[in-house]
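Next come two complexes built around subunit A: one with subunit B, the other with subunit C.
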Partner chain A sequence: QEFQFGPCQVEGVVLQELWEAFQAMKDIAQAQDNITSVQLLRKEVLQNVSEAESCYLIHALLEFYLNTVFKNYHDKAVEFRILKSFSTLANNFIVIMSKLQPSQEKEMFSIRESARRRFLLFRRAFKQLDREAAVTKAFGEVDILLTWMENFYQL
Partner chain B sequence: DGVAALPAPQNLSVQSTNMKHVLTWSPVVVPEEIIHYSVEYQGEYESLYMSHIWIPSSWCSPTQGPECDITDDITATVPYSLRVRATLDSLTSAWSTLKHPFNRNSTVLTPPGMEITKDGFHLIIKLEDLGPQFEFFVAYWKREPGAKEHVKMVRRGGIPVHLETMEPGAAHCVKVRTFVKAIRRHSAFSQTECVKVQGETLPL
Partner chain C sequence: HIAEDTSDLLQHVKFQSSNFENILTWDSGPESAPDTVYSVQYKTYGETEWQAKEGCQRITRKSCNLTMETGNLTDLYYARVTAIDAGGRSATKMTDRFSSLQHTIIKPPDVTCIPKARSIQMIVHPTYTPIHTGNGHRLTLEDIFQDLFYHLKLHINHTYQMHLGGKQREFEFFGLTPDTEFLGTIVSSVPTWSKESAPYVCRAKTLPDQTWT
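Entry: the complex of A and B
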């Protein structure tokens, strides 16, 4: 059981454990999101992502989640008493990040750019919202992210 | 007010076997008093992004014994920092922190227990239930020169599994080891056990 994001292989993460951690937070996290007309991880970001693109895209998304979303959601995690599940998710995202080695070779430039455009769609939508609302929405959309990641998980 | 400060717990260490992790320390002794302890942890995320944040252990905040089952707290294969302090009424000791962060990939994996039975000519194995983290790699063969070794992955312990239909009069042997997905490691093989359809379990 491992992730295979195109050329990037990630072992040592059990997807079921990530799902269990998010399920424990899902209701309370998504209940805080009042903006139902916007989806940050929308079709244009995640649909029809090629294998080759997937490593670049997951790397950019997880980096953003760790550096921006989780960091700014932490106080809410304490407030909602979901710190343990929050920690499980964050630490497993760190494991995945540490094992992703997206290639920087020149031939991959167009694929890298394609993945980058997808990520920028997500980040632009994030920035168009009020900061706290954006963090809350992005955290609530972790199930969308996990569902997409599941496509690259091999039992 | 002359109240002696409470000494901090010493000699913290983690014993981990088959993905069960126990933090232990030397007890703080105050004659005729009951000391309580609180355990907290930090994963790599917390130490990298918010080092001031420590998370209370699931089962030991507080606890009386000088040990704490931290298995439910260690939920990623990253280094975890752990700390303990003692409390007596309003007195609280300083925190003692585990010298080296603990990573679950260092757990000791032991060969699993197994029970080999015969149901008529059927060879049945029942493996020790070690929890959802464990899979089992079962090797079995007919004991004769040049015999082919068969392999079966068993996803869960605690339930009988049919291995094969045995040949009357031939000895059939089995050995097994565990595999832990989250840390990508396996245990050593168990002892080999052989059975004969009519006979008893043969000594090696």
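Entry: the complex of A and C
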């Protein structure tokens, strides 16, 4: 069982555990998000991502999730008593991040830029919302992220 | 002006999904009258507009089939019901965010059990879903869930069972006693999504042994 984001291979992470951790929080997290007309991880961000792009995109998304979303959602996780599942998810994201080695070679510039444009679409939508609402919405959309990650998961 | 509390007209608005057949259900409230009518709307998460579901406007029944409207596997959906009673009081309630991939329950597989003299063959038939690809091809559960596999058990006696499993569709339990009844159970399982069906159960009696001894 491993993730294969194009050239980036990530072993030792069991996708099912990520799903189980998120499912334990999903109803609480998504119930806090009452902006049903905005989806941050929308089709233009995640659909038709090439293998080569995928490593850059997942790296950018996980970095944002860890440094911005999880960091600012921690207090809510305590408040909603979902800290154990929250920590399981965050720790697994840290493991994945640590094993991703996106290539910095010149030839990969256009692919890197394509992945970056996708990420910026997501971040721009995030910034257009009120900060707390954006963090809540992004956290509630982890299932969209996991569904996309599954495309790169090999049993 | 104090808004009247009408939440007693309507409750438990939710999707019930099995094999990607997505049915919206709800309950009337403790105070609602039998002539209360209900209207259903739905939308894709991320979109602004709500769509009225044709055929589920001002109905008295408490369910509505939204399979076709919620058929995109990567989209997430919301639905909402508005209840209006004879007195003109109304209440609207919305579902949680719905993903058929995450929420659908897998029904037991369809299996044919074929007894022979010293073995029982089990053939699992493909399970077609209402989901179609762009070119109209109807998807099976196996198409949708790459890691779907079958787990078969044959109960020999109270203490002993034989087990088989795999992604293929044809299985055979060998080395059985002729002219004997056996109980077989077959379960579909999708580990990545932590889904497992209820068992399909078949009883089969091996044939009398015709070979000359």
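We adopt the following convention: the second predicted complex is superposed on the first by the 155 of 155 C-alpha atoms of A that agree within 3 Å, B and C clash if a C-alpha of one lies under 4 Å from a C-alpha of the other, contacts with A are read in each partner's own complex, and residues count from 1 in each chain.
In the analysis below, a contact is a pair of C-beta atoms (placed from the backbone, for glycine too) under 8 Å apart; a residue touches a chain by one contact, two chains touch by 3 or more.
Remember, predicted model here, so these are calculated numbers, not experimental data.
K.L.:
After the alignment on subunit A, I want to confirm one thing: do subunit B and subunit C clash, or do they fit together?
P.N.:
They fit side by side.
K.L.:
Identify the partner contact of A:Leu66: answer first if only subunit B is touched, second if only subunit C is, both if each is, neither if none is.
P.N.:
Touch status of A:Leu66: first partner only.
K.L.:
Under the stated touch criterion, which partner chain does A:Glu17 make contact with: subunit B (first), subunit C (second), both, or neither?
P.N.:
In the superposition, A:Glu17 touches subunit B alone.
K.L.:
With both complexes superposed on chain A, which partner does A:Thr36 reach: first (subunit B), second (subunit C), both or neither?
P.N.:
Touch partner of A:Thr36: subunit C, not subunit B.
K.L.:
Output check: A:Leu83 vs subunit B and subunit C. Expected answer is one of first, second, both, neither. What do you get?
P.N.:
First partner only.
K.L.:
Touching A:Ile94, do we find subunit B (first), subunit C (second), both, or neither?
P.N.:
So A:Ile94 only meets subunit B here.
K.L.:
Looking at the overlay, what does A:Thr147 touch: subunit B (first), subunit C (second), both, or neither?
P.N.:
Touch status of A:Thr147: second partner only.
K.L.:
Least CA distance subunit B-subunit C after superposition, rounded to whole Å?
P.N.:
Result, nearest C-alpha distance in the overlay: 6 Å.
K.L.:
If you lay the two complexes on top of each other, which residues of subunit A touch subunit B in one and subunit C in the other?
P.N.:
The overlap between the subunit B and subunit C interfaces on subunit A comprises residues 16.
K.L.:
Per the contact definition, I'd like the list of subunit A residues that touch subunit C in the complex.
P.N.:
15-16, 19-20, 23, 27, 30-31, 36-39, 42-43, 47, 140, 143-144, 147, 150, 153, 155
K.L.:
Residues of subunit B touching subunit A in their complex?
P.N.:
Per the touch definition, subunit B meets subunit A at residues 43-46, 48-50, 53, 55, 58, 73, 75-78, 105, 132-133, 181-184.
K.L.:
Write out the stretch or stretches of subunit C touching subunit A in their complex.
P.N.:
Counting only subunit C, the residues touching subunit A are 43, 45-48, 74, 76, 78, 94, 96-97, 99, 101-102, 146-147, 191-194.
K.L.:
Quick one: which bits of subunit A touch subunit B in the complex? Just the residue numbers, please.
P.N.:
My answer: residues 1, 11-14, 16-17, 21, 66-67, 70-71, 74, 83-84, 87-88, 90-95.
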